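Here come two complexes built around chain A, the first alongside chain B, the second alongside chain C.
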Partner chain A sequence: MLKITNLHVNVEDSEILSGIDLEIKEGEIHAVMGPNGAGKSSLANVIAGNPDYTITNGKMNFKRKILNSLTPDVRSRMGIFMTFQDPPEIDGISNLQLSRDILKAREDKRNSSDIISDYKKLIQKFDLGSEWMKRDFNYGASGGEKKKNEVLQMNLLDPTLLILDEIDSGLDVDAVKTISSDIKTFLSKKGKAALIITHQPTILETIKPTHVHIIVDGKIVKSGDKRIIKGIIENGYRKFS
Partner chain B sequence: MDHNKLEKQEYKYGWAFDFESETISKGLNQEVIKKISSLKDEPSWLLEWRLKAYQSWLEMTEPSWSTLNYERIDFEEISYFSRPKKRPKDLSEVDPEIIKDFEKLGIPLEEQKWLAGVAVDAVLDSESLGTTHKKELEEQGIIFCSISEAVKKYPDLVKEYLGSVVPQRDNFYSCLNSAVFTDGSFVYIPKGVRCPLELSTYFRINESNTGQFERTLIIADEGSYVSYLEGCTAPKRDENQLHAAVVELVALKDAEIKYSTVQNWYPGDKDGKGGIYNFVTKRGICKGDNSKISWTQVETGSAITWKYPSCILKGDNSIGEFYSVALTKGKQQADTGTKMIHIGKNTSSTIISKGISMDQSINTYRGLVNIMPGATGARNFTQCDSMIIGDDGIANTIPYVEVKNNDSIIEHEASTGRLSEKQLFYLGQRGMDTEQAATTIVNGFCKEVFKTLPLEFAAEAQKLMSIKIEGSLG
Partner chain C sequence: MAIESFLKVDKADPDWAYSPSQYFGKQFKMIDANCLQIKEGTDDIMVLRLSPTENDLLAKHLQIVGREASKLDLYIICEGGEQTQQVFLYNVTCEPNSILNIGIFVKNGKLNKHIFECEAYENSEINIYGLAENDMNGSSEIIAKVYHAGPNVISQQLINCSSSNKGRTVFQGYVKIDKDTNGSLTQVSNASVIKDETGQAFSIPQLMIECGDVEARHNCTVGQIDAESLWYLQSRGISLADAKKLLAEIHQDRIINLIPHTDIQDEIKDFFRD
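On to the complex of A and B.
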């Protein structure tokens, strides 16, 4: 589904990814771990097409198309969805309305009443409260509510490749549970794949990765299965740097 | 900036119909004013009023502004009166591109005909919305007609209030308007009547087919209510560049007037050539106790906008509101804001201004809150937010505050920021292209103002924003 070859990436002239190779196939769940500043989030953002990141070398293929020069919206409509570490607030448009406008931009076929009923179910599932729909997008929402809103939108948009950029940071234990069990269910559907960026192994207890990679200084220094996680819990990342 | 992109965005309403018109030769003098007055078959008191204004105007000097740059107007090069002899017969005579744009704005077919200046006499005089509603309005004693008609039919009302809020000598352009105004609207709402319809100039703008020197007078008698819409999204056939209108509102005791404008005059081309100089004086007086005047404006057109819809809060407990969105692009310049003059006790005012500057445009908020010694317990809340899109736009906020008693509360909030890259990327990641994302963010930014517009107008304003933003990002 996604194939990254020798990817080099700069932010404002300094290299933050130095030759990443990564292949994610349908049905696989890849966890990327590593210390702060190693380049984990950069990898997620580059795949999503964040214009702050410049590809200096290498290439990314998604569903047999080269992603490198495609705009974020095109990638999104191809099925790539990234949850944001710190999702923005947007004034003057309600949570529901923005989700509807997003679906409209994607030429989603659901009619208005279907969208509303889907939306209401999701609000209930994530316990966002009855006023949520009417509130301005993420406005005055807690960190946890914003993360829940990301997962809510994942459900609404039904992507094929899910990128979770530290979906677990700043969440309490219960919220991590709700979110991770929902994501687990989502990923059990056919044709899905995921890239999970995290430095806390907790979420990986529920969403069990098929592959684990350790990134240090912009390079993947180790790849393997979930047994790697145990070593990290015990020894941290020190031995990789 | 990609010029091909920009060129596509050139004003689409600026066509001219190829028809004969009756036009008084260029220049301004007493004879021209007499000619206008006689062509309009006016009573002598009005001619005298015009001539008096003309005399005063000769003694006045043209103002200059700190933030506006433009070539001086040659008042001898303007023709002060023009009306078409013949209009296009039906929409098939109108450029299909223009019809397409109307559809884009969601303007219904009948309204398209009006806007395109089509002579739809049958529809117009017998069955049009305007006339069927006219009957409904008349039954309640509401007067809604052109000011020319009002001069003849209701001279006492016109005499009493014309120039009572904006005196002839108020400023250079109001004085010029007083001398040469061609047409405009007149509204009178009788005591205790709540006007059941939104009154709109859409219906009448083509009746007169003028535009440069409109004069509008709205009087809300005790305990009445009216909502008035002025739609300048209309393509206007403007012979010259100057548009100097005067609007006067009078709210008597317990009355409320809501005045909404969506202005989209021709802004000039991408190099700043041409376009309308929109030098407009709009002012309302809350004359009676507990009265309220609310201005909402969405300003997107004109090469230069110079406009400060204001409220004189004379009655005790009276309320003034000003909600404004001003979007400038290309080389447009807008200097707009409001004046809230607190005279009565416990008067309150609210100012919400949203400025958006794109390309090389200049967007200035200029406002005055003046609390007089007798206005004890007065309150004002002002919020001015500016958004800059691109690298070259300029946003200024110039608030003036004068408080002459110790018993009033003034609050002022202001912010200036760029269109957020983070929000753009976020919405892009969810599947919106840059234009959709920017439109979403800008419309959200303007929401507080749009929500004060009547529903249909709010939808139109949002569409207008997206058309303006289209092609200007890159």
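On to the complex of A and C.
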């Protein structure tokens, strides 16, 4: 589904990813772990197409198309969805209305009443409260509510490749359980894959990764299966530095 | 500063450059002077659609008087053309216990300038809110001067602006709260958005308070469309052009949604989005 080859990326004049190779196939769940500033979120942002990042070398293929020069909206409509660490607050438009606008831009076939019905079910599932639809987008929302809103949108947009950028940060234990169990169900559907960026192994107890990568200083320094996580819990990242 | 010199600014005033005095006289041709008067104890809604087509330098003058205990919701909608240079001067009086809500919606024009000179007497309320937009190498300007002439006056100025394509917007919001006008409340708020590299925005709030027992706030910002929100919307499948348009409309809606009449809301949305 996604194949990254020798990816080098700059922000302004600094190289932050230095030769990443990664392949994610349908049905796989890849966890990327590493210390602060290692380049984990940068990798997520580059795949999603954040214009602040410049690819200086290498190639990204998604569903056999080269991603490098595609704009973020095109990548999104192809099925890539990244959850934001700190989603913006946009006052002046309600949560529901912005979701409608997003679905319209994606030429979603659902009519207005179907969207409202789906939206209401998701609000209930994530315990966001009956006023959530009318509230301005993320405006005045807690960190936990914003993260739940990200997962709500994931459900609404039904992407193929899910990129979770520290979806567990700032959440209480119960919220992590709700979100991770929902993501697990989502990923069990046919044709899905995920890249999970995380510091903490807790979320990986529910969403069990098929592959684990350790990234340090912009490079993948170790790849393997979930047994790597045990080593991280016991020894941290020091031995990879 | 006395009321006369506040409302009829002279060359000694630092904001003389934007004073209406320069438009009345040799340079600009004064074409009419109308008076809009709301009778005592009455309640009215009025929409003025001003769409100048003449290419002369024109100045128009309108007097608005809210008699005691009256209420008026006035909407002014004005679109300028590529060559139109026009100045609109509104002399506004709020008599005791009156309420005046003025919505001012200004789009394009080489010069499309609206100046409100308002006197508000005890227990009256004046709210001036609106939008100024210029996307055509001209200047859309809203200048409001509100003079609190009595106690317990409430005044608000809430203006959002947006500019692009070498267009410019100007907002100047002045409030003077005179001595012995306890219990006044005033707020001046402006958010100006520059939508591309060529737009310009000027935002100048000024509060002059000569009384102790008042509540006064101002909040003026000038900036580009929020890059983080743009990136977020793109990551959800909205193109860059549509994301910019959507955020610009949201910026407008923050003001338009204040209008209590949905038919007028719709008209103003259409006005800006055609």
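In this text, the second predicted complex is superposed on the first by the 241 of 241 C-alpha atoms of A that agree within 3 Å, B and C clash if a C-alpha of one lies under 4 Å from a C-alpha of the other, contacts with A are read in each partner's own complex, and residues count from 1 in each chain.
Keep this in mind: a residue touches a chain if its C-beta (ideal position, glycine included) is under 8 Å from a C-beta of that chain, and two chains touch if they have at least 3 such contacts.
What you are looking at is a predicted structure, and each value in this text was computed from that prediction instead of being measured.
Record, for the superposition on chain A, whether partners chain B and chain C clash or fit.
Aligned through their shared chain, the two binders clash on chain A.
After the superposition on A, what does A:Gly49 contact: first (chain B), second (chain C), both or neither?
both
For A:Gly27, is the partner it touches chain B (first), chain C (second), both, or none of the two (neither)?
neither
Of the partners chain B and chain C, which touch A:Pro35 in the superposed model: first, second, both, neither?
neither
Let me test your reading of the model: by the given contact rule, A:Gly170 touches which partner, first (chain B), second (chain C), both or neither?
After superposition on chain A, A:Gly170 lies in contact with neither partner.
Is A:Gly231 touching anything from chain B or chain C once the two structures are fitted on A? First, second, both or neither.
neither
Taking the superposition as given, does A:Pro72 touch the first partner, chain B, the second, chain C, both, or neither?
A:Pro72: touches chain B and chain C.
To test your reading of the overlay: chain B has the stretches 37-45, 55-63 or 109-117, and exactly one clashes with chain C. Name it.
55-63
Which residues form the common part of the chain A surface touched by chain B and by chain C?
After superposing on chain A, chain A residues 48-52, 71-73, 76-77, 81-82, 84, 87-88, 90-93, 101-102, 105-106, 153, 157 contact both chain B and chain C.
Could you pull out which chain C residues touch chain A in their complex?
Contact set of chain C toward chain A: 226, 228-229, 231-240, 242-243, 246-247, 250-251, 253-254, 257.
Per the contact definition, I'd like the list of chain A residues that touch chain C in the complex.
Per the touch definition, chain A meets chain C at residues 48-52, 71-73, 76-77, 81-82, 84, 87-88, 90-93, 101-102, 105-106, 153, 157.
Which bits of chain A are touching chain B when the two form their complex?
Touching chain B from chain A are residues 48-52, 71-73, 75-77, 81-82, 84, 87-88, 90-93, 98, 101-102, 105-106, 136-137, 153, 157.
Okay, in this complex, where on chain B does chain A touch?
420-423, 425-434, 436-437, 440-441, 443-448
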